[in-house]
Structure formats: C-alpha cells, structure tokens
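Listed after this line are the structures, all set down as structure tokens.
Each of the two complexes below includes subunit A, the first together with subunit B, the second together with subunit C.
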Partner chain A sequence: MAKITENTRIEVREIVLTFFAEECEADKSQINDNTSIIKDLDGDSLMFLELIEIFKKKYNLDIELKTIGKYAVKHPVETIGQLIEMQMLIIEHENRLLELEK
Partner chain B sequence: MAGKVVITGMGIVSSLGYDLETFWKNLAGGKSGVKKISLFDASSCATRIAAEVPQEFEEFSRTLVKKRAAGQMTRVSRMCLVAAKQAVTLSGLDFEKEDKTRCAVIMGVVNTGNSSVEKDTSPQNTVFKSMTNSMPAWISLEYQLLGPNFAINTACASSAYAIAIGMQMIKNNMMDIVIAGGADSIINPEEINGFNALYALSVANDPPEAASRPFTSTRDGFVIGEGAGVLILESEEHALKRNAPVHCELAGYALTSEGYNIMAPMKDGAGMAATIEKAIENSGVAKSEVGYINAHGTSTELNDRYETMAIKRVFGEQAYHIPVSSSKSMIGHTIGAAGAIEGIITILSLKNNILTPTINYTDPDPDLDLDYVPNVSRNKEIEVALSNSFGFGGHNATLVFRKYHGN
Partner chain C sequence: MAENTISFVFPAFISDYRDDPSLSVPAFNDVFQAYLTMAASSVGNELLTFHPGSNPLLQDELLNQYISYIYGCSSAGILLNSGVKPVMTAGYSMGIYAALYSTGSISFETGLLFIQKAYESIRHTLPGNHYGMCGVIGLSEKDISGIAVHHNLNLAIVNRNSDHSFIIAGDSFHINVFLLKARDEGALHARSLGVTIPYHTSLLAEAAKLLSETVFTADVRAPEIPVISVLSQELIQAYRYTLELPCRLPLPSKP
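The block that comes next holds the complex of A and B.
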C-alpha cells in the first residue's frame, strides 16, 4: 500500500490535466474538477485506459485491469475530479482496490 | 418505390487536390498527379511511381479532424472523413434538423491503409486503424447518425457498390439521406510487390506522369493512386424540401458478377457489357441519351481492350460517337475509392459540360478505336453519363447519372 503525499496528488493532477488538454486540444487552465470528460472535453473511455498505463509505468503499480474494471463499474467516472480521485486510489491500493468495497 | 435520387454534395481528396475546385481545375487541365513515390523508399520495387495525395493534406486535415480521433485513424481514414465533411458542408445539411435514424453511411473499403507506411501506430490504436468498418463509423460518429453504417468490399468497384446500395436504400424508402463513397491507398511495398508479381502495375517509371496511358498501344499496367470520394445521396423530395443544391440525378445502376476469374475480366468484355446494358435498363434512359462514359480505363492490356469491346457491344455504331475517357490517366487507380471519385468526375462533367481527357494518348492502339477524348478536355453538352467500375473477383458496377433540370 503506497503512501500518498501531497506531492503525489499534485503530480497526478498535473499528468491528468496535461493529458486531457493535449488529447482533447483543450485549454488546460479551463479544465477543473467539475469538467465532464465526455460532455465538455469530447473524451472517450479509452483515455482512462491510456492514463492507467501511464500511471502503472510511472509508479510501478501492481494492478490488473479487470480489478479496475470491477471497481469502475460500481464507481463510474464522469468528471476530471472523479478520475483524479480514482487514480489516487489505484496508486494507493493497487490490486487491493476491491477491498475498499468490503 | 420513392422518386428520384439526387446528389446534393460531394467531397474529394486526391493527388490533384483536396477540394473540389482545385481538383476539377487540374483534371480539366489534363494535369497528372503521378510522381515518384515519397511515402517510402521504393527503390527496390519494380514500380516506383504513384499518384499520392500531397503531403500538405496532413496539415489541412488537422483543421477538420480532431487530434484525438486523428490519432486513432489511418491517413486514409482521415482522407475519408475530410471528404465526407466537405460533402456534407457542400450539401448544406444540418443533421440536427434531420431524422437521424433515416441517415446512413456506406463506404467502399478494400483496406484502411494500415500498412508498413502508416505512422504513429500505438497498441491502443492498432485495432481502430485496422477495422475496415472504421471509415463509415467515423463519419457516423462525427454527425451522430443513427441509421446503418457499414463498409462494402468489392475490390476496385467498392465505392460504386456503396453508391448503388445507397441509392437503393433511398429508392426503397428506408433512408432519406445516404453518405456514400470510399477511400483507399495501396501505396506501400507489400501491395506494390504483390501487384508487380501479377504484372498488373506499370513499370514505366520515367517520366512518372506519362506512365498511365489507357487505350494506347504502349500501356503496360495501371498506376496506383490514392484518395477519397464521398457523395451525399438524397431523395429528390427530401432535397427539395430543404432547398438543397442538386448537382445531378443518380438515375440508376447495375451490379453484376462475372463468375469467371479472380483477376481477369470475362473474355471480350461480355461481363462488362452485361453490366452496362443492365444499368441503362435500370435507369430508364435511352441509349441514344448517353453522351459520355467515364471508363474504368485502367491502362492494362485486358481491361482497356475488353471495356472497349463491351461499349461497342452495348451501343453498336453509336459507340463511335460517345466520348469515353479514363481519369486514371491523371489520378491513377484509387482502387476502393475509384468508383466514388470517378462518379464525382462524371457528375462534374455533366454539370460543367466539360469532358475530362485521357492524357498520354500518344500511341493509339489500332484495335481500340473509340473516341477516348485524347489529351485535352472538351466542351460538350451532355444529358446522361455512365461511370464504370470493374474489380478483381469479377465485381462489376455501372452508375448512370443524369443532368438535373428540376422537378
């Protein structure tokens, strides 16, 4: 179980915002926690997977996609803020993510 | 059966331009788009020339295709979407005002161009780039259309088939609007070596612009082209209701199979003739009305011989008075896109009363004695024009276009 620091939070946020700004050709300063990934940015579900790959490499995470999938079904992500929170949980709990359900 | 089917929009991406105006100007000017291949090092290939879409197209496409989607598309898919967007813009369509369940997309797709020359393919976009249904899907997604969208593969006749099936869907009152066309590129070492092994391609590499010479005695195979052509098909009633620009009527078509050979056309053009005959019958036009034929005209020994024989078989003595030209002399053979691109050329010929030429017609084949509109375009008022497409596998299509005089 990784320890999440304020620096981690800032870093994750920066990666997510930069990723969406570049991929969706959006103004980064206009993206905030309430920005809808689909409605406001015209994003897609594949972007979530691409971000997971980025974080898996960056933080050397031990997590299977199916674990994230099972969690995401019960906790759907619609906004940037929700996505950042989920990425934080993934980094913190890795393959034990589903234990949060118990 | 519904009434007439009309063409209300067209879009094109080709070696001679990626907007209708530039394309037509170059084509009517008898310009060749054939050059040395730049997409990859072709020095080890027997064929080292092709009619490539200009590299500047990539920059242009960024103004019409979002970055995210563009990364999931091949270069060819981007050509297809750009041509579709041009066609929709020209038609004046606002899909938000349409019943989207009655809007379909049909694209002729032989392959998506996801070859060794395709750049920036990641594991995440490999599948999207390879899906042959991706071209109609991207168009459908762009406008959030809810009617069917699908791809048709009948080799070099693919996009002509797409147009024909689209027409039938409107005729049967299944759809109000069909976006039909196709896009293709086989400019890659695998395809070129494959076609070279079949002796299908010209190896007259120098000068490139003189290589495609349909109906001449020195023709030695087709020259590969690439691009996209997309048309907006609409019921006349629907088009008139929204005051759409009508470019011509799609009067009819014929689709046939030869059941003969995987590569060669049926001897003496019997299958081609049957297709042209059926198309005329289907469209209800009189043979005497046909004033121009945009030939399949590949610049191969067999096609040009048999297509000439087919036209004579259908029209008899009249064949000598019908101008027949091959656009492939200028833009090469665009394979899956050919039917749509050449359909658009035929429509522009009808609209502008200009017949585009067969360039490089310097050494006539004494056996091929029709009027091939040699070397320079010609002014001629025409009422009805045909566009032929014949594909490997014996897939034949003829489309019949008629000048539109209002309802």
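The block that comes next holds the complex of A and C.
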C-alpha cells in the first residue's frame, strides 16, 4: 500500500490537468475541480484509459483495469476533482481498491 | 529534430455529426457539397437531403457509409490540394475506400461502387437484421473470451485497437447480453455500434466472394501513398494487395 503525501496529491493533480489540457486542447488555467470531463472538455473513456496507463507506469501500480471499472460503476467520475480523488485511491490501494467497499 | 510526419486515417462510419467543419476549414462545406452532388448522381438523389446538424440519413447503414466516405474524400481532397502530403493512410473497416481514393488508387465513383456492392452482397448473402457490433474498453482479450465462454455467446473479436480496446461482432442478442456482462465485469466503457451487419466475421465470407467479382473488374491502380490495413496492420503497397484489400470484409475469428 503506497504512502500518499501532499506532494503525491500535487503531482497527480498536475498530471491530470496537463493531460486533459493537451488531449482536449483546453486552457489549463480554466480547468478546475468542478470541470466536467465530458460536458466541458469533451473527454471520453479512451482518455481515461490512457491516463490510467500513465499512472500505472509512473507509480508502478499493480491494478487491473476491470477493478477500476467495477469501482467506477458504484463511484462514477464526472468531474476533474472526482477523477483526482479516484486516482489517489488507486495509487494508495491498487488492486485492493474494491476492499474499500466492504 | 525529428521531422513531422502526417498520416490520413479514415472512419468506418459516422455515429454523430456534431461539429461544423467549416468553422476550422472555411472551404469544407463547398467541397463536401460538390462531392455529395457527384455521389448523388451515381447512387441516388436521397443523398442530397443530407445536412449537417439534421442528419437522419446516418440511421441508414448504407447511406451512412456513403456520407462517411464523402466526408473522408472531402477532407482528404482539401488537405491534398493544400499541399498536405501524408506518408501513409489507413481506413477503419469501410474507411478503406476513402483511404484508397486519397492515394489515387481508385476514383471517387469506384469507391462508391465498392461500398454499394459490398452492402448489396452482404444483404444478399446474410438476410435479416439480427446481427450487431459493439466496442468495449477496459477489458482484456482474456476477460472478453471468459464472458463469451461463460455465457455461451457466439461472438468474435474483429478488431484490436489496443490491449484493452476491442471491437466485437456477432448475433445481436448475444451482443446485448455481452454488453450487460461486460459492464458487470468492470469494462470502463461498452456500447453498441448501432449496425446490423457483423463486419469482419466469417459470416461475410460469401459476401466477400461476391464483392470480389466487382473489385477484380474495376479500375484499381497501385496507390501513390502506402496504405496500412487496420485489420492486419500490414503495410500495403503492392498492386495485388490493393486489389485484394477492398475484398477483406471477413476476418477469421481467433481460435
């Protein structure tokens, strides 16, 4: 289980904002926690998939995509803030993500 | 510094037509209309009723393929006339015809003919609308096979976009069951593609034979730009492959 620090949160936030600014050709300074990924940025699940792969590589995460998918069914992600929170949980709990439900 | 390279990639069909391309390319609407008019004279005036923003034609599989092809040819025509030269081209599924047109391999009218004959061949050899296709993101090939085996679904993976992004085809009831089970299994995204033909499956083998009769007698030239087969990821430049390419409707199922 990875130890999450304030620096991790800052780093994750920076990666997420930079990623969506580039992928969606959006002004990074205009993206905040309340920005809707689909309505405001025209984002899609392929982008989500790519972002997960970036984090898996960066933090050497042991997690299956379907574990994230099962978690996301009960905890849908609509905004950038929700996505960052989910990403923090993925880094912290990896394949034990679903145990949070118990 | 690495030199920038450009490739043209053409869609199989259009599911939505939300944006106005003329906002970024002012000449687009005029060029598109010119191609639309040419196509209408070949395959029917119904195409002339198409209008971006109000597009019921996209609900018809054959008309949708024509529109997708016209959109691809218009875009390629504008870019090529502006001096934009791709190093290679590719077309998803039926997008191969716009790819071949953009390389100078076939004429615009020949592309329309191939689309029409492919559709007619399929409808002739595979009557009924009880087939479908879907896209699934977030599951592996093993996950997908597991769902199919566990629920006795007769489906085929017909395109692998990445290790976790696939296109699947088969009986429409089995597709619908698969979509439900895929979401339960943790797919990040799973949706029907809204077609009634199981493209790239062995179910289309007879249709491919019929289509080949048209392709082998058509005026098909070697492409000026390499074409990539999205089905096999092969680089296709030789004349004989160009002839075979439009016939490649079926893709055998993986064992």
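The working rule: the second predicted complex is superposed on the first by the 102 of 102 C-alpha atoms of A that agree within 3 Å, B and C clash if a C-alpha of one lies under 4 Å from a C-alpha of the other, contacts with A are read in each partner's own complex, and residues count from 1 in each chain.
Convention: a contact is a pair of C-beta atoms (placed from the backbone, for glycine too) under 8 Å apart; a residue touches a chain by one contact, two chains touch by 3 or more.
Being a predicted model, the structure only gives us computed values, none of them experimental.
Looking at the shared chain after the overlay, A:L49 reaches both subunit B and subunit C.
Shared-chain residue A:E25: touches subunit B; no touch with subunit C.
Of the two partner chains placed by the overlay, neither subunit B nor subunit C lies in contact with A:E85. With both structures placed on the common chain, the touch criterion links A:A72 to subunit C but leaves subunit B unconnected. In the superposition on chain A, A:D40 makes contact with neither subunit B nor subunit C. When the two complexes are overlaid on their common chain A, residue A:E11 makes contact with neither subunit B nor subunit C. Overlap of the subunit B and subunit C interfaces on subunit A: residues 44, 46, 49.
For subunit A in complex with subunit C, the residues that touch the partner chain are 44-46, 48-49, 64-70, 72-73. Residues 66-68, 124 of subunit B are the ones that touch subunit A when the two sit in their complex. Touching subunit A in their complex are the following residues of subunit C: 137-140, 143, 162, 164-165, 183, 185-189.
Chain contact summary for the complex, subunit A toward subunit B: residues 22-25, 42-44, 46-47, 49-50.
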